[in-house]
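In the two complexes that follow, chain A is the common piece, with chain B as its partner first and chain C second.
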Partner chain A sequence: MKTDSLKLRRVLAITSVIFLFALAISPAKNYFREYRSIQEHFRKLGTSRARSLKEAQAYQNHPVAINQIWMRDFDNRVDRCTTCHQGVSDATMAKAPEPHRQHPSTAHTPSDIERMGCTSCHNGEGLATVRADAHGTTADSASPLTPLVNIEAGCGRCHTTDVVPQAALLSRGRALITKAGCYACHSVRGHEQFRSEAPPLNSIAVKTGGEWVRQWLKDPRAMDPNSTMPNFQLEPQQIEELANYLFSRPVKLELAAAIAAASAEAPGDAVNGKKVFSESRCISCHTVEGKGNGSAPELSKVASMASRGWLLAFIRDPHAFSPETRMPRYHFSDSESRDLVAYFESEFKDFGAPEGILNPLHVNQTLAEKGAKAFRSLGCFSCHDPGQGTIKEKFGPDLNGLGDKRAASLDFGRRIDLNRTLAAWTTAKLSDPRSFSAGLKMPTYGFKGDDTRAIVTALLSLGSQPVPEAFHPSPGGTPTPIPGGAIGKLVQQYRCLSCHQIGTQGGDISTAPLTFEGSKVKRDWLVNYLMVSFTIRPILEERMPIFRIPRDEAEKLADAMTSFYVNPAIPEDPFAGRPASDQNAAEGQRLFVSNGCRACHIVGASGGYYGPPLTDASSRLKPGWTFKWLKGPQAWRADVRCPNYGFTDTDALRLTAYLETLRATSAQKPSGGKK
Partner chain B sequence: MNTPSLDSLGLWLRGTSVYRSIVRHGSTETNRNRSLIVFENLFLHVHPVKVREKTLRFKHTYWLGGITIVCLVVLVATGVPLMFYYHPSVPQAYQDMKELKYVVDNGIFLRNLHRWGAHLMVFGAFLHMLRVFYHGAYQPPRQFNWVVGVFLLVLTLFLSYTGYLLPWDQLAFWGVSVGTNMAREAPVIGDKLRFFLLGGNAVSENALLRFYVLHCVVLPVVLFMFLGVHIWRIRKDGGVKGPSEDAPDVFHEDEP
Partner chain C sequence: MKRSFMMAMALISMAGCSKKAREAPPAAVAAEAAPLSYELRLGRETYRHYCMICHGEGGAGDGFNAFNLDPHPRDYSDPAFQKKKTDAELADAIRRGGAGVGLSALMPPWGHTLSDAQISQVVLYIRTLEHKPE
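Our next item is the complex of A and B:
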């Protein structure tokens, strides 16, 4: 029995020692945590890079500890990223190896680091002090780090406008999303009112032929490279059903009448039509064999796409056919539009097209009924609103909060080749949406390379959290309103916003925003320009079309511009209250030459083609605008290439005075139309 | 040189009143003295004065009850520090779990000790009951202690279940959803019972608070009361019943 007791004691002794060692494991692991060695390394690196003994000592005395940033504006979140990334705002650590490197300078760094922390832009788990958790490298991480190639997604979390200065990729992505019409099927906060530009298909039976519709449905881009309609990869059977359905739809009565009347008209003169076509600068939006802006359909085969009557009726009143189109309504005379269509029919034909491509289709009711179902189940109605009332629910999934989805919650389906990350999933969804599984409905847009990256960036910016209150845009930034009434109708008719921007609205074809047009140009010049517009910057390919605006309309528009679209910061008379020497035009001319303005601007007979010619500057520009522009051109448009010379008020005024003396002789006056 | 001075130091130490109030009966290794030590000590007096070596052998009881009690001690020892770092509130609870990993020294060790200790306690309690059952130790005179043991098992399970909600993750949420829905199926009082457990009709912050209070205060207190009775009854009933005693139990005063 004594031996038993001894044995028990021995067991107790041995297990106690083992237990003691086991207990020591945890404190040891605690002591050897990753961040401690990183901070140790940072200390050594800092000491070796220090420029003075005092600096070196500061690095030496830096305590080993968990560092954190308290983000009061972000729901009192805490970011501990700086525990390892100790050099983020340390100039000594420029170009140091990660994780010690200094953060590159951006709009918010280093000024806002203490306020915005790290995860507000980069995502990631701010609380974590373990690398894998902080960077969210596992598929079920709640907040993985945004890949650096998409880092501008972080900007978009707070900056919800379409254009974000200094975030070119994000802005491009958002523009592409709008252009591709993603908002028609997917709901995204702030874009609930989006309407697709796609034609409403209310006159298709009298517009085109059955064969053309078949070919279009098979692959729209093959028929028109500028088409925004994606490829739905339809089966031949589906194509037949849809075509029958489209031709079975009733044609809107007024449209049918207009088309019938137009097709009965006598043919026009193609030679004059060609002149009208180039004078009107259709290719500022359209293309002909790829030449032109490309934001509107390719025209080189247009006569094989639509019947003569339809073309004629459409050119006369595009807005009756398609209320959302960006095409302006021109003031063509009846014979001019006839000539235009005659020109189309003589040259813009698909000579390789099958015989009878425009022959109407004889509707088979059974197929048409099946087609009606397909029209619904494929979601065609999202873009081609059949006019059966507004769409209550979006066809595709809600995209809000996409940027905060866990990779583990995504359906990768057949794509076992992909990395299990949100960015990889979104990229694959964009470039090949049908590859995930059978029966998916999203069509193929064929986005490529940088476009995909831009769109992914814009999509990742759709966070699930609302923008923190402290970062809401200030009420001062409200968009400039578009006037209603008669002026509003004119702006609508000529679709000014298809090309120009006013405030935050409008297209991107023109480089001249109209937001402060009234402070910029003189009224009389504007009236003449609206009636017969000409090239302002010779280097640009896109020219303002000549709408043939009658004088009274031009005057109304110019008056509206001069009264609505002004900036109170731009003085009417910049010379008021300044000494007379500031009006020294000769000195201004010297400055003009010595600063090399001629490299871009034409004055008289010579000069560069990049900027607008200044030969007639005084009849176009208001001196107040010229003065403010010279003080800082980028204040008006961020991408302006005109350098900011940092002129003093006196120098800027002298230059303005010089430009005020520039007036064209009648021979130098630019004239409308391409010769 | 040193030896005499050490001896005198020892002598002085044994003379102090602090030493004498801790070691009251000296270190004489006689049975009488040992009995005195056990009798007169609050912490030791629940133990029998004398234990047969046979009952301490591993094969006899597998120490299953003892293991369960040691688990309980570990759980209390780790649970109290965990309470320092935990807020029973919806926005904080899950973050606090993560904080244990990210900033609390040895936090993950604490939490894992508590978690695995809890698993082992449930497991140990079950095996302990099986052992008791197969040894027929639920028969008189131990039938009362068997019932106390059943209560202890139920309390252990409740503790384990209430602790399961506290991390406030998906497992916890659905675990408690399913559990309280089962409670609702109870006849007559089902709906009321569920409402009472959750402090509402859904698993929400009220449920979290209730489960927290149950887990940290109510259930442990009740458990300790039952445990006291349990151990006291073991002594009263004549200690552990061994496997070989097929005949109806005979009261052995000297057996633990």
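Our next item is the complex of A and C:
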């Protein structure tokens, strides 16, 4: 009896000890969690860095706890990153070692940390409190941390516009994606309307020769370094099939007629052609031996690329050949365009090209039929729509949600050399897409280092879901309508939007947005400028071409500008209702000198080359605009270099009054071209 | 109560675990080597946009517009200059311009155009332009 009771007591003792241990496991695990030692370290570091006893005590009394940011507007996300990264908004922790370091100041830090949390920019698993889980360092992590080199991908989650201020890498990536035409094969939210600028291939048989097409298909960039067409790494057999197919395609009747008529014309005068070429400033878009803007084809071998008749017909009406082209239709006379082509034929030739590079190819029907199939299976139709029916589905995979893909879900194929991360996979896909396995269709673009990093950043910004409404940035501007009718036709003909911006639309070649052009420049100046556009900014290499716009068209355009493209905030007469002393031009001149305006602006014989010369300012600028500009240039275009001097109204008006006195003598008037 | 319990537990497993618990906090996850930090990238962007045209890409005062300016812009790549000026002095000259700090008015004041954060990023970037002797 006694031994039994003793036994029972022992069992009871042992089980209670075991039970105690079992009970203790969970709190013990919690006690040894990594974040506790990190917080302990933070406390010590803070105490040692504190600049006052009070501050040191505050660090000392900091309780050990899990910290979190609750983003009510962002799907009720919870970010516990600040549990370890306690110093993110603590100036004492500037340049401290990680994880304690203060967050660098950006557009959203420290101001928006409470609203936006951490994972909305950095990705990662906000709820986790263990490092590996929070940072998502495992291959099957649902949300790995975005590598710091691509951190601007985070900006792109909310900022879906092409240009994102303070995110140069992201903006560059998005621009490269547009330029490379990725949206033609891949769908991305917001780019459903994208149309490739690639020519529609509707006149190949009368444009060029069989040998040229073969060489082009082999390596487009070798033929034209400005080309955006990638290398499809085609086999010689495929090249032959595709070339035969392209030559078998019927030529549009009206194009064939125009080309035939043009090739029958008498040859032009190459000497005058050269003059027309330089006056027209073709290299504001094209290049000649690499000199020029490079957004349009290299021209130094153009006469070995296309027949004389095609060149002539194309220059006269590029839009009939290629409706999407950015090339304007110049107002050349028949003889001027003939002279231009004569100039091309005398100088812009590939003198090393094989004999007969422009000889037509005699089509083999069997090869052509195979070529037709290859044209479809390679996805050529995505960019070169030859009118084979409408494209219902994009050729390549949907890229929406790429930034949220788990590394474990990606096919690394043969690339066992890569880190199993989304960024490494995307980088390799861009630089060598065919290296993953045989039979992949994405062509090689040959993106290099920085460009790849920029594009990867832009691709990682593509989330599977759009961010909640509360996080949509306020739109940068409202689209300004482009007038229709006769004016719309002129804007189309001269392709104003290839270079200029109107509202949120337009290209990036010109530095002069036209959105408020009517409030900015005087009508008569504009008429003259449209007819003979001289250089407003001597530093710029891309200059407005002289389109040979006839006076009646220039007047129509100028009138449209002065009536549509105005801003009600810009007064016609800024001096109205102001004291007469505000019109003191002599005082304005003194301000012009004392503020160093001549560092950038030429007046008379001296001054810098950076801003527009102001010698003839009063012929060009409306005083209301000048005044508003001086009050804050960045209000009119965010990236304007002219600094805001913080002028008072009086000083800005006096400067305006001074600029109003600047009028060029006839000898100083810019001149160029005739008419 | 909870506290003493924890203490007991800590004592029990001290031998095994105390080392781990005292380990220094881990260094940041090794990120891909960034060529420039985000702050420096912002600084470089701002520098290239607003400053480079006079001060030159490498800060040597040899930008395109420099030859129009008398006096010429300063050579930042000069280690002696870098040593002489504090960050605060550089930021002040950017903010108030040449005229503001008793130098040439041809250097405009940027305080109304750039934010304080942008200015300190530019200063940070200018510091990287110092010419390091081989």
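Following the convention adopted for this analysis, the second predicted complex is superposed on the first by the 640 of 675 C-alpha atoms of A that agree within 3 Å, B and C clash if a C-alpha of one lies under 4 Å from a C-alpha of the other, contacts with A are read in each partner's own complex, and residues count from 1 in each chain.
Note that in this section contacts are C-beta pairs under 8 Å (C-beta built on N, C-alpha and C of every residue); 3 or more make two chains touch, one makes a residue touch a chain.
Because the structure is a prediction, the values reported are computed rather than measured.
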Comparing chain B and chain C in the superposed model, the one touching more of chain A is C
Can A:L422 be said to touch chain B (first), chain C (second), both, or neither? neither
Of the partners chain B and chain C, which touch A:M544 in the superposed model: first, second, both, neither?
neither
Practice item. Could you tell me if A:A168 is touching chain B, chain C, both of them or neither one (first, second, both, neither)? Key: second
State whether A:P27 touches chain B only (first), chain C only (second), both chains, or neither. both
According to the stated criteria, A:P147 is in contact with first (chain B), second (chain C), both, or neither; which is it? second
Kindly classify A:L8 by the partners it touches after superposition: chain B alone (first), chain C alone (second), both, or neither? first
Residues on chain A touched by both chain B and chain C 27
Within their complex, chain B touches chain A through residues 53, 56-57, 95, 98-99, 101-103, 105-106, 108-109
Touching chain A in the complex, chain C uses residues 5-6, 9-10, 12-13, 17, 20-29, 31-35, 37-39, 41-42, 45, 49-50, 53-54, 64-65, 68-69, 97-99, 104-113, 117, 120
In their shared complex, chain B is touched by residues of chain A numbered 1, 4-5, 8, 26-27, 29-30, 66, 80, 127-130, 133
Residue set of chain A touching chain C in the complex reads 24, 27-28, 31-32, 34, 36-38, 41-42, 84, 97-100, 104-106, 131, 135, 137, 145, 147-149, 151-152, 166, 168-169, 423, 539, 594-596, 598-600, 607-610, 632, 634, 639, 641, 643-646
